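Structure incoming, see below.
By written order: A, B and C. Residues from 1 in each chain.
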Amino acid sequence: DNIQTELGDSFVGIIPVLMKAFKVLLVLMAFFLSSLFLYGLSYVAIMPGSVSVQKLYFDYSGIASHPVSNQIFPETHFRKTLPHILDNAPWAVADFFSKHSQWEAYNDDTIPAPRTSNRVLKPGGMYQVEVILDLPQSDINIMSGVFSVLVEILSVDGTMLASSVRSTRIPHETGWVSTIRKGVLLAPLLVGAAEETRTVKVPSFRYLVENEEMPLRYATVTLLSQENKPIEVMTGSILIGEELSSIQLLMKEWFFTCCAAGTAFIFCTHGITYLGFMAFLE
Amino acid sequence: DNIQTELGDSFVGIIPVLMKAFKVLLVLMAFFLSSLFLYGLSYVAIMPGSVSVQKLYFDYSGIASHPVSNQIFPETHFRKTLPHILDNAPWAVADFFSKHSQWEAYNDDTIPAPRTSNRVLKPGGMYQVEVILDLPQSDINIMSGVFSVLVEILSVDGTMLASSVRSTRIPHETGWVSTIRKGVLLAPLLVGAAEETRTVKVPSFRYLVENEEMPLRYATVTLLSQENKPIEVMTGSILIGEELSSIQLLMKEWFFTCCAAGTAFIFCTHGITYLGFMAFLE
Amino acid sequence: DNIQTELGDSFVGIIPVLMKAFKVLLVLMAFFLSSLFLYGLSYVAIMPGSVSVQKLYFDYSGIASHPVSNQIFPETHFRKTLPHILDNAPWAVADFFSKHSQWEAYNDDTIPAPRTSNRVLKPGGMYQVEVILDLPQSDINIMSGVFSVLVEILSVDGTMLASSVRSTRIPHETGWVSTIRKGVLLAPLLVGAAEETRTVKVPSFRYLVENEEMPLRYATVTLLSQENKPIEVMTGSILIGEELSSIQLLMKEWFFTCCAAGTAFIFCTHGITYLGFMAFLE
């Protein structure tokens, strides 16, 4: 049998060799894809799910005043008179207890029944809060540069629990790289499956502890741009998740490195098992 | 058997020669990679690990005033009235005792338990402090040129221990070199595994001695640009490591030279051992 | 056996001749490299080592005022009111007695133990001081043209011992020469082993005599550009070395000429010895 294939190869020429190489390539590809899939599965299994996700709808109107600016502002770290600044900035509010988000009801019957009336987080538990913003790749956003995201966490009765200011910008991308990206995504862009936006993740809080007496209920997100350069964000979301353990943190921070290493590991073990199995069969 | 292969070589022509050359190349490549890996291992083993690393989140909002500017500024070296300058500059603060970084808690229950309540460094030990900044390759950063990084080290009770001003800039890169770099990294750039940023390391302190009575706790990092040209830095990190010995310093300062020399040395010893072993077998 | 190969040569044609030429070339190359290496060794042996090297970290912030400008400026050579100029110029200071460089300690326990408390140079000895600057090849540096490097030498108690103003500029390089240079260095540039900088050596002092009573301790380096055109220098170093004897001076000033001549000399003596040895063997 062995002799026959060798003779066959030497007779038929290059086509069968290519066919064989193609088959080997197909098998390797299948192995690779299954390894990648397995790594993806284990990643999802290891990572904690998010406790609560709320959509953010930013208000640029200036009609409704910022919910926090009307309160007495705590005099801890923020010395300047914030309300003045906040009134002109686009803002959004999320209510983690309720289904209705950022629309005003003038009649209680208009409001849906709340998801919960108690709390969404475990008291004493540690959480992280992340704001995800969808930034259109418009000239205004590209030219605005760095802007700040102020997130304020409020309790059931409206007392402020914590606040965070983090800065971000739309990821810088050279023109031709951007063009290639759009070219690759042309079909989904034309169909409407993709949009010319970039997503930015703002890690607003880490190790935020849920208070026993004052459960977390509201979060307001305010966009503060420098020198009144506007920022264009229509939607986004705010996400509360359990604080990560060190291995989870590693897998998240070094996502692509871990993914490559994990996939390679699974691929190799796969291959060794397969070869051992083939040898066993023969 | 030996005679047969030699005859075979002289008969079959160029393909087997290429195959043999390819095999030799593969062996050499394997030797080279294992040498590089061994050098990498020994480098990691020789270098001291960092004692503490903290993420920096720069605040561009101008809402929260700079934590140090509100204190009475020591009248040692800095003659000019700093608070005025600092209030408009982006800043970040790191707390080496705590898990929560640069978010304000208005309620003590919201703050996570500290990592330590005592000290992170050995009293009397010598340390180096390094600030690592991720600079997007935006036009603003490229045109801003040199900017200064002011790092202030504070103790538990907020008394300032040391301050350092170091200047840096985004590494200059000619357009076509930049284009080649982006072309090489195109796939990771499109996927999102790489970003168009350059990393800058600022060696802020060398031979900083940990005080017996006043342990190091906070570090503030302020970006001071010339003539109000803004600098765009979203994240970075501050790193405290043990002071390097002279051999460690040499290996770090001349990283690539030492790497090349070390790898070559291991490669040669490898090769000699291998050849000796082969000769012994025959 | 010898006869056979000679017959083979005359038969087979051009390949063996090329092989022989290649062997001769290899031997010559080995001779040349060993000559160059020997010259390098003798150069290092002849040249005096540097007595002290200190890193310079330039301060562009304008926060910390220039250390010398606040002192009463000696009315010797500098007629103009310098402090006014110095306050806006980037400056760096080196302390040859201490390990800590250009960071301010507000507490004596934070400062590392000094290297020496006495002096680094021999009293009455003659020294040269050289400033080495790393200039990024940025447009700003290329267009700034000539700038001045003011070096001030101060004693233990801060009294000024000597000052020197030397002018320099980034070496002029035509665009296409620069492009070829970057093309040759492309791989190290992309990896990060090389940077687009040019190094400039400023010979600030020659035959500087160490004072018996007032030992040299500090050196400040100030960059004075014309018409407020900025210069971009992040790091550099200042080097004190023993004054050179005339032969050392010749070897340094005519470095490449001496290198070529010395290497050629060693190469020839090598070759004569080798040929003599071969003749002796036959």
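In this section, contacts are C-beta pairs under 8 Å (C-beta built on N, C-alpha and C of every residue); 3 or more make two chains touch, one makes a residue touch a chain.
As the structure is a computational prediction, the values presented were derived from the model and not from experiment.
> Testing understanding: with touching defined as stated, what is the shape of the graph linking the protein chains, line, ring, star, complete or other?
Graph shape, chains as nodes and touching pairs as edges: a line.
> Rounded to a multiple of 5, how large is the rotation, in degrees, that superposes the C-alpha trace of chain B on chain C?
The superposition gives an angle of 30 degrees.
> Comparing chain centres built from Cα atoms against the global Cα centre, which chain wins on proximity?
B
> Among all chains, whose Cα centre is located farthest from the one for chain C?
Relative to chain C, the chain whose C-alpha centre sits farthest away is A.
> Averaging over Cα atoms per chain, report the distance between chain A and chain C in Å.
Whole-Å distance between the two chain centres: 50.
> Rounded to the nearest whole Å, what is the centre-to-centre distance of chain A and chain B, using the mean of the C-alpha atoms as each centre?
A distance of 26 Å separates the two centres.
> Where in chain A do residues touch two or more other chains at once?
Within chain A, no residue touches at least two other chains.
> So in the complex, the part of chain B that touches chain A is made up of which residues?
57-65, 67, 70, 90, 99-107, 109-112, 136-138, 140, 179, 182, 186, 188-191, 193, 195-197, 230, 232, 234
> Using the touch definition from the top, list the residues of chain B that touch chain C in their complex.
Checking each residue of chain B against chain C gives 74, 76-80, 82, 85, 126, 145-148, 150, 153, 159-169, 171-174, 176-177, 180-181, 184, 203-209, 211-214, 224, 226, 255-256.
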